[in-house]
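Notes follow the structure.
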Amino acid sequence: MEFAFDARTLGLRDNLLDFMDRHIYPAEAVFEEELDGLDNRWAWDSSPTLRHLRTEARRRGLWNLFLPGENGAGLTNLQYAPLAEITGRSPHLAPAVLNCAAPDTGNMEVLSLFGTPEQKVQWLEPLLAGEIRSSFAMTEPEVASSDATNISTSIERDGSDYVINGHKWWITGAMNPNAKILIVMGKTDPDAERHRQQSMILVPRETPGVRIERAMHVLGYDDHEHGGHGELFFDDVRVPAANIISAEGDGFAIAQARLGPGRIHHCMRSIGLAERALQLLCARADERVAFGKPLSEQGVIRSWIAESRVKIEQLRLLTLKAAWNMDVNGNKAAHSDIQAIKIATPATVQWILDKAIQAHGAAGLSQDFPLAYAYALIRTLRFADGPDEVHKDALARAELRQQRAARSAKASA
Amino acid sequence: MEFAFDARTLGLRDNLLDFMDRHIYPAEAVFEEELDGLDNRWAWDSSPTLRHLRTEARRRGLWNLFLPGENGAGLTNLQYAPLAEITGRSPHLAPAVLNCAAPDTGNMEVLSLFGTPEQKVQWLEPLLAGEIRSSFAMTEPEVASSDATNISTSIERDGSDYVINGHKWWITGAMNPNAKILIVMGKTDPDAERHRQQSMILVPRETPGVRIERAMHVLGYDDHEHGGHGELFFDDVRVPAANIISAEGDGFAIAQARLGPGRIHHCMRSIGLAERALQLLCARADERVAFGKPLSEQGVIRSWIAESRVKIEQLRLLTLKAAWNMDVNGNKAAHSDIQAIKIATPATVQWILDKAIQAHGAAGLSQDFPLAYAYALIRTLRFADGPDEVHKDALARAELRQQRAARSAKASA
Amino acid sequence: MEFAFDARTLGLRDNLLDFMDRHIYPAEAVFEEELDGLDNRWAWDSSPTLRHLRTEARRRGLWNLFLPGENGAGLTNLQYAPLAEITGRSPHLAPAVLNCAAPDTGNMEVLSLFGTPEQKVQWLEPLLAGEIRSSFAMTEPEVASSDATNISTSIERDGSDYVINGHKWWITGAMNPNAKILIVMGKTDPDAERHRQQSMILVPRETPGVRIERAMHVLGYDDHEHGGHGELFFDDVRVPAANIISAEGDGFAIAQARLGPGRIHHCMRSIGLAERALQLLCARADERVAFGKPLSEQGVIRSWIAESRVKIEQLRLLTLKAAWNMDVNGNKAAHSDIQAIKIATPATVQWILDKAIQAHGAAGLSQDFPLAYAYALIRTLRFADGPDEVHKDALARAELRQQRAARSAKASA
Amino acid sequence: MEFAFDARTLGLRDNLLDFMDRHIYPAEAVFEEELDGLDNRWAWDSSPTLRHLRTEARRRGLWNLFLPGENGAGLTNLQYAPLAEITGRSPHLAPAVLNCAAPDTGNMEVLSLFGTPEQKVQWLEPLLAGEIRSSFAMTEPEVASSDATNISTSIERDGSDYVINGHKWWITGAMNPNAKILIVMGKTDPDAERHRQQSMILVPRETPGVRIERAMHVLGYDDHEHGGHGELFFDDVRVPAANIISAEGDGFAIAQARLGPGRIHHCMRSIGLAERALQLLCARADERVAFGKPLSEQGVIRSWIAESRVKIEQLRLLTLKAAWNMDVNGNKAAHSDIQAIKIATPATVQWILDKAIQAHGAAGLSQDFPLAYAYALIRTLRFADGPDEVHKDALARAELRQQRAARSAKASA
């Protein structure tokens, strides 16, 4: 057991921390202004600042860090996790500048693992180069998104094509006109075994029948900095059969593969956001005087600071351990660890943000600090791939099974 | 001791509940659409629907219910509280339709109690008639708003005028061009005794030197349905000396008087919002099926429902008791009771809203349900006239004083 | 609506508060010492101090206050509740001195309402006179006590007798040799309708076949001041048929009747204990200096004090309202209100005690303060007649039913 | 970074787990019975079962595992921590059997590090051999134990002796007549620099003037299984000057050294107790049926199980990381990490125990399960070397300092 980072991680961390200080933080406000000035507020990746920073990130070797294997930086989950954390401190800008922003990361992983050579050339390469964006269309309004087997979108074979019909929402990034490709999850065979009914298929944004109805809001935000969250209809959308990913019936398995590392990334970025909130809380506590002394000399504020620090340390260790477990034992073996970080992270970071906001007074809820937006971002994570309660239930069932097994082993010993 | 409402309250409740069902709830969506279609999105009181509903409210005798005495409905706090609660279920629309919306209510109370006959004719009468709106400019960015003695805006006598210089923000309603009059809190005598330095003065919106800089956002919302929250500069703003309210040095005392009933109203409306959230939670729990059974058959959701109900009952009783105490013993005697509801209400309603949102999944954070907006509204109440922590500290000091007195009395008995 | 106590309540409160100050608090330590010195530590009602104080209580008219109707003081629940609260501040001594201690109160109510004239003469009269004690034997180890229909003890008719077989535990007071009579709940007809299978029967302690196995402990306490909590076996215990209470099959209904007011009493006494804890917390906070200033000047401690006060006020109002509802509308109509106080009270008072203990340091857990013992007492209330979770579930089901009804009413309007 | 245990730890874990299953758990009840049967209930180490198990533990090499260096097993903190955890599952018996029970462990560390050769022969050797027991007398009733500089016991030089006068309480183990040696903390020079006033001195139990006044209780328990917690008076207690440990003025520094690893051990044992509670909770949830289905199929119980697992994982990682940090960077560098585990562990384990108790109903509070006793044990840890609030305050101050330093570094970059 050893809690120090390895040399490669340390090197990349230093590089990234320096990049954040020199380039990312100073550019945050400019980036937001540029987006407000765009003709299409969703086309965030046309920001000149973003493009300029991307060049610098590539020059520094801070590009596609998320992607294991030879297409990417080749980092393990354990190596990438602390870097994802740092990008999370500037969630609108840093992940995008490093080409490490969701949902593209997950989509690139899917194409990298399961794409045909043709699919890779057409879609993976421009994604890896940061030239286009993508979306992942899974969530549907009529069914509990936590139960992937419920999906009702149909993908029907018709000659050399597939025809897609369905209704999706909360499709992150889909409002951005540069999100050229959608990975759509639907059912190719509703009569197959429960986890073999689903397939994923590539649908170019411009295909006839794809209708982008509206943008969903999150607590007053439209998240245009991420390309928003679209509600989409698919009406007789026809794509070539070659657009299927992997094979018919593989959709559920691909989704499982996609969500593991993705969740590690989400959690680590959230921890970065919690660190930033704690920085802001401490700075505010030193600056703000109430009733004759700075907030930092008031016991209640100090207890928030201490509890925030203790919570962050625990979350980070839990997430790093899950990353290590995935690297060493595989995603399946690490399933309960992944579920544990899904349960712990959003709720805890929400708590920390609430305290940081409270110490800022009404300003903490306003556009003058990144706390309110961060709150909205983290709050959505409590449903993002299934609500907290579903993860708790699943983890509890796993725990009960293990305890039962241990009791039987003991009884028969 | 008696927990039933009196006859007048019961009559008004029935009337109001019927009005809500027939007129308010069905008009909510239309009202929002009308506002989105306005040239000036802040001018909410030009909505045709609002105007039409106001006529009906007046016809039913549901007008200015908040105002005690002959200018208003003449209700006690205890009689008005359960009515305010009902309006809180539709917070964008119902209080405004009944001319019972903040900050106008507090301003009308101030003018009613402390205004000169001329001030009443010029400002109170059109406010009571719902013809104009008003704002209350107290909060300043540089100082802890919880400590009113810190105010830095200056109100200086200059011949027959006062000249005002200062910087205010979070001035609710001030973005609305129909907010014709501002009550501004500032210091007329920084050398006077601590609670006699402040004065309030009437500043017509159109006075030269009044600059409305920008609108503050709350968790992504601009609250245009309430006229927003303005950041304002006062640069050598000159008004006649007759615009002073009551007299120089009375500002602190008027603020205290204004905030008592105002807080009761806020709290009761918040409880109404909690009731609506619980309604939505129960409806959702019945409709939504996950893992083979409705949410309403799942234990965790049921525990949220039960705890919400128990919390709401307690909050309501606490607030009604504070209202009763103010009516019977006066605002000063009821000070700790008022502080208690300030402490309990926003935090508790925030909890309930969080659960209701969680049961709705991502939809709960979206524009499709009133929950996300309600969350933003309630979250701001945790600072609205001083953060939770300040109220707790004050209540604790009062408790410690009382316990000390009881111990001495016992010791000397 | 009116939050002041009526004249009779006020008079009794003054009387009782004076009695507590003059007689109860000064006698607490002596009473505990006397019990430690007894040959039979369970025979608490042989304490000379207790007997002496009882005389004084009777002289003052502070006797059997709990009992409505002509046998007792004839108070309503709403009148008795604030008196019960005061006795709860000294839970070992005050309720016993006033002959208002559980489980005798519930048993006297049962006999008063459902006893035959002979049963009343034999058992109710000496109980009302404080000459003997009683126990209520319902809880069984093998079944969830929250589900009264599960009871497995059998009461079988055999000629002119009933024969009882069963196993009970947590039978409060049963270790006291002066607990001369047991009310035993069992099944007379396992084949009857679900709520008609149970009966209650009077079993004199000395009946052959009654075996008192051991005393149950609660967090290290044996609660001998209340006669402990016995584990009992009933092996072919034979009593005359006339010992049945009311009639065969009435057991469930009697239990429901018994638990309503009993729970109000428990909750009010718990609130009294919370008040005492807050007194101790405030006194400690003033006395104890840490890091150069008294605890009462430290923000975290002050936040505990404020939150405790706010919680106590809410609990008290909730409980008084439930008492009022029972008086005015009957126990059945007040069912959800009773459930609400069961849910809210123990958990909240546990929180307050935990904070008071924490402010006392290790001494707070010791025999030097009444806090640790109070903690054990309150902790058991979270199961006393069914665990919190069962009450929450039931309350939620009632809420869901009401909301459904309201939705249908609206839909069909 | 690496989350697997090393080979030596794995070997000892297997050995210890086997020992627990074969020897410790089956002996728990017998041990308690033996203690109840002793003439002196405090003399727990005269239990035959204990002595027998100690022989087996030594045979297996499971002896003095806690002690680094050549006197003990030579394990690092990181290696010992997971073993301490396992012993914590049976807190009355396992640590004692392995000669790894507090307060002897800390005392042996002090003697090992700071004792003279004579002191080692006389006291360390019999302690290492498990022949005698010891106590550590630091806490005093009149002062906040969290502030060691406040200690009022005096140690005055008088010729070739020291004379000790003072009043101590909560001296764990001191009721046991076999606790032959006390390490007493007092002041040798009240005028010295703040952290140089204190000294530690060895006082044999039988020295004239040592008076053991009474045993302190913890939530109704006297903890005789650990030798109780004594209140002691030292009245002109005279010991040779050679009994001083290290040198005059070293007391504070020795205490700091002693508490670091001690706290790691406490926390790891507490985590073991939490694991046992979770085992019991899962077993109970499977066995107990309420309302027609096992508790393990009820959502609320499952949420407790999941949250308990997530909390335990986080606590364990936090504690292991603190152990690693102490090993690699020293106790001083690890100070905030140690404070973090002090803050997190007792409160979290208390939560888990509360849930496990709740699932057991009243039985969970009784002598039939180890949960109630465990609750008392863990609750005391929230003050054991300073209350939670003191640790939070200190951690917050350290965090604020670091954040200030980071801000200045950035500002000057």
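In this document, chain identifiers A, B, C and D correspond to the written order of the chains, with residue numbering beginning at 1 in each.
We adopt the following convention: a residue touches a chain if its C-beta (ideal position, glycine included) is under 8 Å from a C-beta of that chain, and two chains touch if they have at least 3 such contacts.
The shown structure was predicted, so the numbers you read here are calculated from the model rather than taken from an experiment.
Novice: If over half the contact pairs have to be identical by residue number, which pair among C-D, A-C or A-D is the repeat of B-C?
Specialist: It is A-D that repeats the B-C interface.
Novice: By the contact definition above, name the pair with the higher C-beta contact count: A-D or A-B.
Specialist: Ranking A-D and A-B by C-beta contacts puts A-D first.
Novice: Counting only Cα atoms for the centres, state how far subunit B is from subunit D in Å.
Specialist: Here subunit B and subunit D have centroids separated by 53 Å.
Novice: Need the CA-centroid distance for the pair subunit A / subunit D, whole Å please.
Specialist: Centre separation, subunit A to subunit D: 42 Å.
Novice: Just how far, in Å, is the C-alpha centre of subunit B from the one of subunit A?
Specialist: Between these chains, centre-to-centre, one finds 38 Å.
Novice: Residues of subunit A that contact two or more other chains, please.
Specialist: 298-301, 303, 389, 392
Novice: Under the stated contact criterion, what part of subunit C meets subunit A in this complex?
Specialist: By the definition above, subunit C touches subunit A via 298-301, 303.
Novice: Could you list, by residue number, the parts of subunit D that touch subunit A in their complex?
Specialist: So the residues of subunit D touching subunit A come out as 1-6, 9, 21, 78, 278-279, 282-283, 285-286, 296, 299, 301-303, 305-307, 309-310, 313-315, 317-318, 320-321, 324-325, 328, 336-337, 340, 343-344, 389, 391-393, 395-397, 399-400, 403-404, 406-407, 410, 413.
Novice: Along subunit A, where are the residues that touch subunit B in the complex?
Specialist: For this pair, the touching residues of subunit A are 139, 141, 144-147, 170, 216-221, 288-291, 298, 300-301, 357-358, 361-363, 365-367, 372-373, 375-376, 379-380, 382-383, 387-390, 392.
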